[in-house]
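One chain, subunit A, links the two complexes that follow: it is found with subunit B in the first and with subunit C in the second.
Then we have the complex of A and B:
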């Protein structure tokens, strides 16, 4: 049982959501936007967060888009990871999303919620990070909508102005047409928090990778990508790439930093072998 | 805009009945099903979205009712284990001894029922992927998998 009370508002439009957010805030109360709500409810039950109202945005038609439009693929922030996987418009995103939590929970977790959550993994961001020059987000707030390049919108976490929420993400269609892999490693069970997740693509003969769970937040790195594209065996390139990680590697009950570095090196070498076949 | 700000009457569609409830806006669907409607088939386990004991079918999808507000369920069709009556799946669970203490059983039944509805042609990998959403602390996974697989196979022959 959640030990405190709060209001529930289900918005039908972008404007309604932003307006009710402002009204609640103006009355001295604290609203939060609500997608799948899985993390919000678990944290609320444990009294780890407190708020006065949730504004459910996942029913808003623009947040439910899941389609090809012109030369892009559009993913509404309110679409569940399960639905994204079923539609499979972007296999790399389907793969990365398919290892978040478990199937039943993925029927509730939304794309926007995965990116906006406080858990550090945010695996659904990895594919977009690999195509950050060709990916955009649409955000909405009282000032109206803003189209934001993905690299500005997300740098390990979602960067939104107060009162704004994510409406949709778009990526160029060609992103779905290049060789790509996503691998999640866990300590024991298939369903568990990750030791790490790696997404890798090969576009125009260039390999790019993005990581989640390795350090405090998802990241990609030009230095690492350079190492992976240098001459040499897959093993050597993987070792050189992992050596480029300068931020502290996560060291917790799931795995030590040393083990994560070891396993990441092996995983990168295996992924290189596969993507270069 | 649907705003639910204080405790008031809501109509929920549960097991094909329209039922009136008066939850707090912050009450989870699990809490309302059990405390207001007496539908105790959905079990509180971890209440953290991990164990699946509280799983219900929500518009043909398995969802953990501890991770859903009651207000979110308005206008949707909810099926709890109490909505099953002598189904082939229940028979298969008995035939394969697919339970020990039984606490997880209703969650497994609802997950498996949703699988049979949505993917009657599911292969074993898909079945395993769906059933991974639920935990059985008695570790009766082999028998549970056998039971669900037997129904899938019977439907595919």
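Then we have the complex of A and C:
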């Protein structure tokens, strides 16, 4: 059980959410924004986090958008990964999101929650990272809303100002029209934390990749992309790309750094073969 | 119609599948207090200070108990375990203090506020490390502990809690008659029982001196005995209730939370206190299943006949012995696997480490033991270039042979392993020695055999009581706990068969209350069908005698002329002359009103016979009433380029003696196979460099998930065990036993590497492959 008491507020509008947040904070208490709750509740159960109030933002209409608008696709931060997969407006995002946790949990985890959580994987960010010049986020705080290029919004983790929350992410429609792949590798089970997840796109015959689980937080790297677009066999390009990873590769219960590097090389080669077919 | 051999739905199933079944922690009486444990954050450390001052002032806190408040050492064989750590902690997760408060949240918050100051001690990580002469001592007082139930041979001044020695035949003769030999070293991790229901206990000490316990247990009568013994309470005043148990696998045969809940209740003037393990605490505080290390040498003739086996097992008992010394004897008793070996030398050591302490786990040590011997058999098959199944057939133990502990076997005691192997030979379709290769995908099948006897105490006993409802239906009370194995249903079937009645007319008492239900030793060791079944038959015969004796008066004939069936007592040669149960089970009343006879109450007992503990010098003795034998196989497809694999098929052929409940038995065996695949492929309790358990959730302690199961094929051979009810052999644990080794044998064959430790993850196979290439 969660051993401490806390208030639950369900916000109906962006303004209400920000206002309630400020009021609670002003009274000397600690509020947090709340989406699917899968992480907040499990951590609270073990007293790993403490808060006095949660402000549930997922029912706010703007956080529930899931649609094509003009030449963009809009994903509300309060939409569950499962719904994103069902609607399948962006197959790459559906794929990346479809391997987070298990189905019951994906029905709860929201897009915003996946990006804002403390688990380092944040797989739903990978597709946006691959189109970071054509992706934007809308955030809301006491000062009103801000439209932020994805590149500034997310660099492995969400960069929000105090009291702000993510409302939606947008990506240009063409992102959904280029060849793309997302592959997750685990220790053994289909449902497990990743050894890593790789998302790859081929836009204007240029290949780009983004990684999660390899070195901690999700990342992309121009140097790696250059290696993948150089001349040579897929195997060679994959090998040089992985050799570019200079940060320590994760070495944990799920797999050693050595195995991750080996498997990542193989996976990249397989993905290259597939995407260049 | 006979119910034996019919698939009967489990008696408790309708309530379980509709969510109406109540488990121990589902009910809370008014005024219940909650206990919460403070557990060790170190694997091995001196406790310098426990600061409870702040916690004592917190809202709702009624009492805080620490090791200093309790002078008690527990242990079913060796009394080496303080219920709350005293002076030092020996494993991460060990209980240090107990907070009792008005609610669960209050207890948790106060537990969080208790500060413990430690002085770290060097940590012992593995059994072989524990053997080193310079290893840190985990129990400085090993020489002073009381032995609760011999045999055990602790070695003071070392980490050796026990040594079991087995000597059979003459090793010189064995080695001389061998032409080839192989050697293998094996390392297997501890595992968790991972039952769906975490462990919990509720205790109330009433003012009349009665102690009322409600607990998740396989051993309610052991709880009663131990509480009585530890706290000096008359046994009759300790009343233990065991409702339905949500999975046990041996992990609930030990007594831990009951003692803590008693201490908690005692600290608050006997008020009702409830202690429930969180999943995390169930993983790290309550005992796990044994890991071990082993070295095995086998010698054989060039034709493949085993001549000699030299085995050493180093059992990781963790911080405390619990039932490990008994388990070490079980491992030793069956150490050769189900093969004839005339010359055997086996030493089994129980070693203290700074791991979570171990207790029984499905198979009582036989799963890791079988892994080692069956991997060794495959090495021998490779050395001799003999098909693995043929090698096993050639050496399969048979009637007339003797076991390592010197028991001479006959068909009833052993069953027919050859028939199991032959049936498996048909199932595997291709000789398991052969692999199929398509590019870097390789298909291979691994096989393994198993055997197991109960290794139960020589005085284990069981009872059964039958009463009748006025309508003539029967109530059956036995001492087994229902944790999903279907023991209640089987005993109902056995009773229905003997009474020639419909099973619908048998009402089984599902919840155990030690005050009214007759004792059954413990619901462990796959013994329930055998022991309880015998007691039920005895009780049925007792009831039949009473029914006939009264009916003989009513029907004016001799008892010998009568038979029972379909709820009636009738004259054998003229069944139209009969009297219904309903007219006699509560006495018979003549038309004018006079009554004779009283209630019919059937009573039955059974005590195992001819068992003897292993002789301390040479390990000779009789460890169980009979064996169950079988053969298992696993087919895999491995990607040799990265070690990933798919488990395609898992197969079992087991000699079940007589199938009493076919679908029940199928489910039992398949469940075991699933568990075995989990152990073989992914399950392991893991510790970090400081000895702290890191797999305390299902996020990191991986089990098989729904949808990951391969195709299962289960087949039965039926060689009756003559002294068992309707010939049925023990089969509760056995589905699990040889699956991990069959999986490893398959993967080893496919990858061309030696898989001698578990779990066999893709990374482990890949690493072994790169080592081979290097």
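In this section, the second predicted complex is superposed on the first by the 277 of 277 C-alpha atoms of A that agree within 3 Å, B and C clash if a C-alpha of one lies under 4 Å from a C-alpha of the other, contacts with A are read in each partner's own complex, and residues count from 1 in each chain.
Here is the rule we use: a residue touches a chain if its C-beta (ideal position, glycine included) is under 8 Å from a C-beta of that chain, and two chains touch if they have at least 3 such contacts.
Owing to the predicted nature of the structure, the values given are computational and were not obtained by experimental measurement.
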Self-check item: Contacts of A:256 with subunit B and subunit C, given as first, second, both or neither
Solution: second
Quiz item: Is A:273 in contact with subunit B, with subunit C, with both, or with neither (first, second, both, neither)?
Solution: neither
Quiz item: Can A:105 be said to touch subunit B (first), subunit C (second), both, or neither?
Solution: first
Self-check item: Contacts of A:56 with subunit B and subunit C, given as first, second, both or neither
Solution: first
Quiz item: Once the shared chain is lined up, is A:191 touching subunit B (first), subunit C (second), both, or neither of them?
Solution: both
Quiz prompt | subunit B versus subunit C as contact partner of A:4, first or second or both or neither | solution = both
Practice problem: Check the contacts made with subunit A and report whether subunit B or subunit C touches more of its residues. | Solution: B
Exercise. Tell me which partner A:69 touches in the superposition: subunit B (first), subunit C (second), both or neither.
Key: neither
Quiz item: Hey, what residues of subunit A end up touching subunit B and subunit C alike?
Solution: 1-2, 4-5, 190-191
Quiz item: For subunit A, which residues count as touching subunit B in their complex?
Solution: 1-2, 4-12, 16, 20, 36-38, 41-42, 44-45, 53-54, 56, 82, 101-105, 107-108, 190-191
Quiz prompt | Complex interface listing, subunit C residues touching subunit A | solution = 104-105, 108-109, 112, 280, 641-642, 644, 681-682, 686, 694-695, 699-700, 702, 705, 707-708, 761-763, 766-767
Quiz prompt | subunit C-touching residues of subunit A, taken from the complex the two chains share | solution = 1-5, 46-47, 187-193, 253, 255-256, 259, 262-263, 266
Quiz prompt | Complex contacts: residues of subunit B adjacent to subunit A | solution = 1-6, 24-28, 31, 47-49, 52, 55, 58, 61-64, 66-69, 71-72, 111, 129-130, 132-134
